[in-house]
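Going in written order, the chains are labelled A, B, C, D, E, F, G, H, I and J, and every chain counts its residues from 1.
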């Protein structure tokens, strides 16, 4: 069993049992964004989380160790195509240098970590059309000189 | 005068007068992220904002209409290289399909707009290292069927 | 069953029963362009449309939920090769900046949505050679400033 | 004087005289989309149109022959980046195979010409947000066999 | 059965029966270049040609409708690698702008159609080495203005 | 003076004197396709041709040796964009493997040379639209084994 | 059986019988470089060589005609990655323009054929480290003018 | 003065004085291939060679230190386009895996160095057409294990 | 059995027996970095090492000769995506020209070999966060002139 | 004055005064690798270091603030070409997955930081050829889960 097989098993069970990512997240005590990324094979679970996930979904026993494996994180498209994902890429293209200016003004020369990092998605109801609130939270890492 | 010339003039004045983007933002009544993007030539100003910006910075008079021009938004690198910007690209690569799952679970089939969109950067002080809080706020657009 | 399997099943039945996209569209109460895109796995059906499509074509029952899944929209070729599709790409290349000028003159700074969007194909008979009339209809989205 | 020089001269005059593409189109008796493309150097003018354009805008005399030159049509970005133009590219990616199905069902094996071709942009007012109506009109060209 | 399956069946039969493309072309009443392209899945046959081809080669009956399907024309390599094909690509690279000059001098602003198009290959015997004579015949399409 | 300078000088004179490539070809005793390629810097002239060309056009004396230099043949676009040139590229993509089959059936394992090679463009008048006849003539080179 | 199948069969037999390319070359009366390229599917054998190869290695009878097929020569990586092959690519990059200068100084305007071409590998023993002597031998082809 | 300026100066003098690379090579006591590469900015000269080159060609004095600078070796085209250079690239593509087999059979697991490396070009006269003999000589470097 | 099969077998056994690369390295008398690269199919084993590895892990007997085969070293992504590997790529991008300056100042014109090369990974414990110490050791190869 | 201008000024002075990077490093109290990267515009100096550098080299006064600017780190070639830099890229390609295995075995799921990072180059004298010892030292960053 590889990570891709576990992912497919999870999608099948999720559809069959009519579960949401939110329900899965609650069952294992993690957030919906993070557990979804782990189910998609992009993060590794601790033993405790893997056990809970296997138990809650009724995955085969060997899935536990697979969920705990450290993933190789890759993606197919250098420039994403699905419109939802492309819009995020466009934001990075259009606003990347802007964010560099603003972040480095506030923090100094350095970057926002994508490793010591978390993210969440909220829904803001709005009569003119609901809004997606996407919040990234990453540690600032200053450049070292030596 | 083209947008690039106005951008260079702004950078020169900003350095000479030792201004911050935050100060410029306050002077024109916009946020720091947005006014930075406009100064970098990635958004167009309303007449009122353009006038305030020209007055506050002491830009040449013709800069006003240039700031009001509708920009062609492009960027040099399909895959960004500067580490601060690359990390954002990496987030889109690693978490793009995760965000698609989570956003579409909460909102239905559609996308987060990158046009009816705003963004802000906050600093969270933390003894283990300050954290960058980056918040995106985009209207949800459901796919139309016809 | 995945979207690709449903697409293949639809093509097989369509050929066997000698159906047209127009006939399928009429049977489910949608336009030919839209239902074709849904059958090709590029749009998700409402439950009602999925049921009608399954019934009309005699698809396996599980196809219904697959047709309702939210698709990941991707394409194989960054630059299309089939001549019919390449010509559309060429139009975007040759006339893209022209359309930007004309649309933004008429509407202000913003874009034509590809999400709140519809499209149709008409045939104009002409003794010198019939003409394809392709009409796109997208909501204008003005850029937000903040 | 090259086409790029004529384009820059036109933009400068258009801004100075506060003209619209529509006004320029009316003055020379062509549509706004076509004359814009010619001013951007993507189509060649007949002698009559070139003369009218030079006269109306007050361009230097040598611009006439430059406007009549047959352009080499190229564009910088294989995948466009400006959001207005990218959305058109996305439509080609998402709906290209759909259009192939629908056009070829209506017309037979062949393509829509991008040479014997015209295009127009209309504005449909709508209380929920105005809509861009983009209409392409191309001759159907059947594949020859031999 | 898909076009690729029909292509493979044709190659197998052609080898087994020791046929040439020329013989196949004669049997169905088309030229060798065109019938080869149809057998490679790059053109669609009329019903009459498809019937003759199935009969002559002894293909399975269902091959007939597959040969009549409208193909999606794609190729694997943006820049061809096989030396015979690369040399043609090189000719386009080296002589493309030359051909544009010469064709447009003779015909006006427009292109040679690749749709209303035919091609043939002749052998010119020559004591210093035989020569390949490749003749393309395409309708001139003038650019429309509007 | 480099080849690009000579090319620009030729274009300026050609426009001023209202010459055609055909007239230039006749003056120097070469074909229009070849002399155009030499004027575009893609082939080197013999001393005799260079002298005739300098004399006929009234080029500066130093242009002679520049026309005789062996060019580095390069082109800007791996995939051409101008529609006239793209159509030729499309022909190579669509018919490349077909030509390989047909040429190698007639000649054996080898290629058509693009070096020991000539090309011409003819105009075939036709009431349904004139036709471009493009003829390539290249030496067949058999693969050597050793 | 396709060329790839014959290649795999040859590698299996070569390993099992502990043969060298040199021994195979001697058995069929060709050089090691050429017969290796034919075994890798990059050149076609004459009937005589194919028969000898089948006999010497004990390949299945149908391999003979496959070895005689004219190959489509392609490679996976536009820029090779294996260090042995990359170094050759690097030589072409670093010394390509140098070789153009030197070859054209000695021979005139033209190229070294890669078709009427042979190559050999020799080993020069050297106490400081043996040396690879790679010799290419290609016919000079002068550019034709017409 | 940068390497590119020295290269241009050398080309100008070489043309004016009607020198060959061979004559330059003889004057400085190096081979024609190597000195050409140094003149093109792809190798650094020792002080002695740089002095001789400056003296022989009458280059400005500061050219000496520039010729001695260690070059950054880069090239413009990942896939070369000039036919002479492309043929070498094609040889690497077609015969790369063959050379890997043959070299590693003779030498063991390792590569031919492109650094401890030399190359020469010879002309073999031949009534059927002269032949280019290109000889590469590189040290074999075995892979280390540790 | 191919290298990929041996790699998969090793990973399965390593997981089942709960082994570390360090333990495998000790068992065969090589370093952990090198034996990992050999197990991943990127280096060839000597007979002695291959025997020890087969014996220690209980691999099938035929794995021995496969481990001894000379690998073709390739990787999937020209620009790596997994964050751990990308950071190394980023170091090469950001510091490549710096390393060229510093290495060539210390050693002269030449390169660090990647063939006569070894590498090790150490862990430096640190209360602020442990540190990875990655040491590369490559022979300096001076450029030859000739 | 931009970073590129300061870099060029530094190179000119360094050559004129015959300085080494090591001497510059000693003068400002940083390591040679780091100060070289700062002089190449890839790192920002503290005020103290910038002052020392300006004083030691005799740079114009305005260089100080330029050296203190936060750089945008980019490089020209996605795949480096200069052999010294390419070999480092090759190491990342060949050994990237190996390093991932070994580092993550020693440290857990995470990466080596390229921001909290230093690097040095040592020379190991060796009668068989001196060796480059390149040592990277980066903080291990464990992936966060949330």
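Quick note on the criterion: contacts are C-beta pairs under 8 Å (C-beta built on N, C-alpha and C of every residue); 3 or more make two chains touch, one makes a residue touch a chain.
Note that the structure is a prediction, hence the values are computed from the model and not measured.
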When each step joins two chains that touch, the fewest steps from chain F to chain I total 2
Touching chain E and also chain H, the following chains: F, G
Interface residue identity across copies chain B, chain C - same or different by half: same
So, in whole Å, the Cα centroid of chain A is separated from that of chain D by 42
Chain C to chain J: how many Å between their CA centres? 51
Can you give the whole-Å distance between the Cα centres of chain E and chain F? 23
List the centre-to-centre spacing of chain E and chain I in whole Å, with centres computed as mean CA coordinates. 49
At least two partner chains per residue is the criterion; list those residues in chain C. 33, 72-75, 78-79, 81-83, 90, 93-94, 97, 100, 104, 110-111, 113-117, 141
Please list, in label order, each pair of chains that touches. A-B, A-C, A-D, A-I, A-J, B-C, B-D, B-I, B-J, C-D, C-E, C-F, D-E, D-F, E-F, E-G, E-H, F-G, F-H, G-H, G-I, G-J, H-I, H-J, I-J
Could you pull out which chain B residues touch chain I in their complex? 79, 81, 83, 86, 90, 93-94
Partner chain F, residues of chain E touching it in the complex: 20-22, 32-33, 36-37, 40, 42, 73, 75, 78-80, 82-85, 87-107, 110-114, 116-117, 119, 121, 123-124, 126, 128-141
Spell out the residues on chain E that touch chain D in their complex, using ranges where they run on. 30-31, 33-34, 38, 43-46, 49, 70, 72, 97, 100, 104, 108-111, 113, 115-118, 141-146
Tell me, which parts of chain F touch chain H in their complex? 65, 72-75, 78, 114-115
Chain D partner contacts - residues on chain F that touch it in the complex: 15, 76-77, 79, 81-83
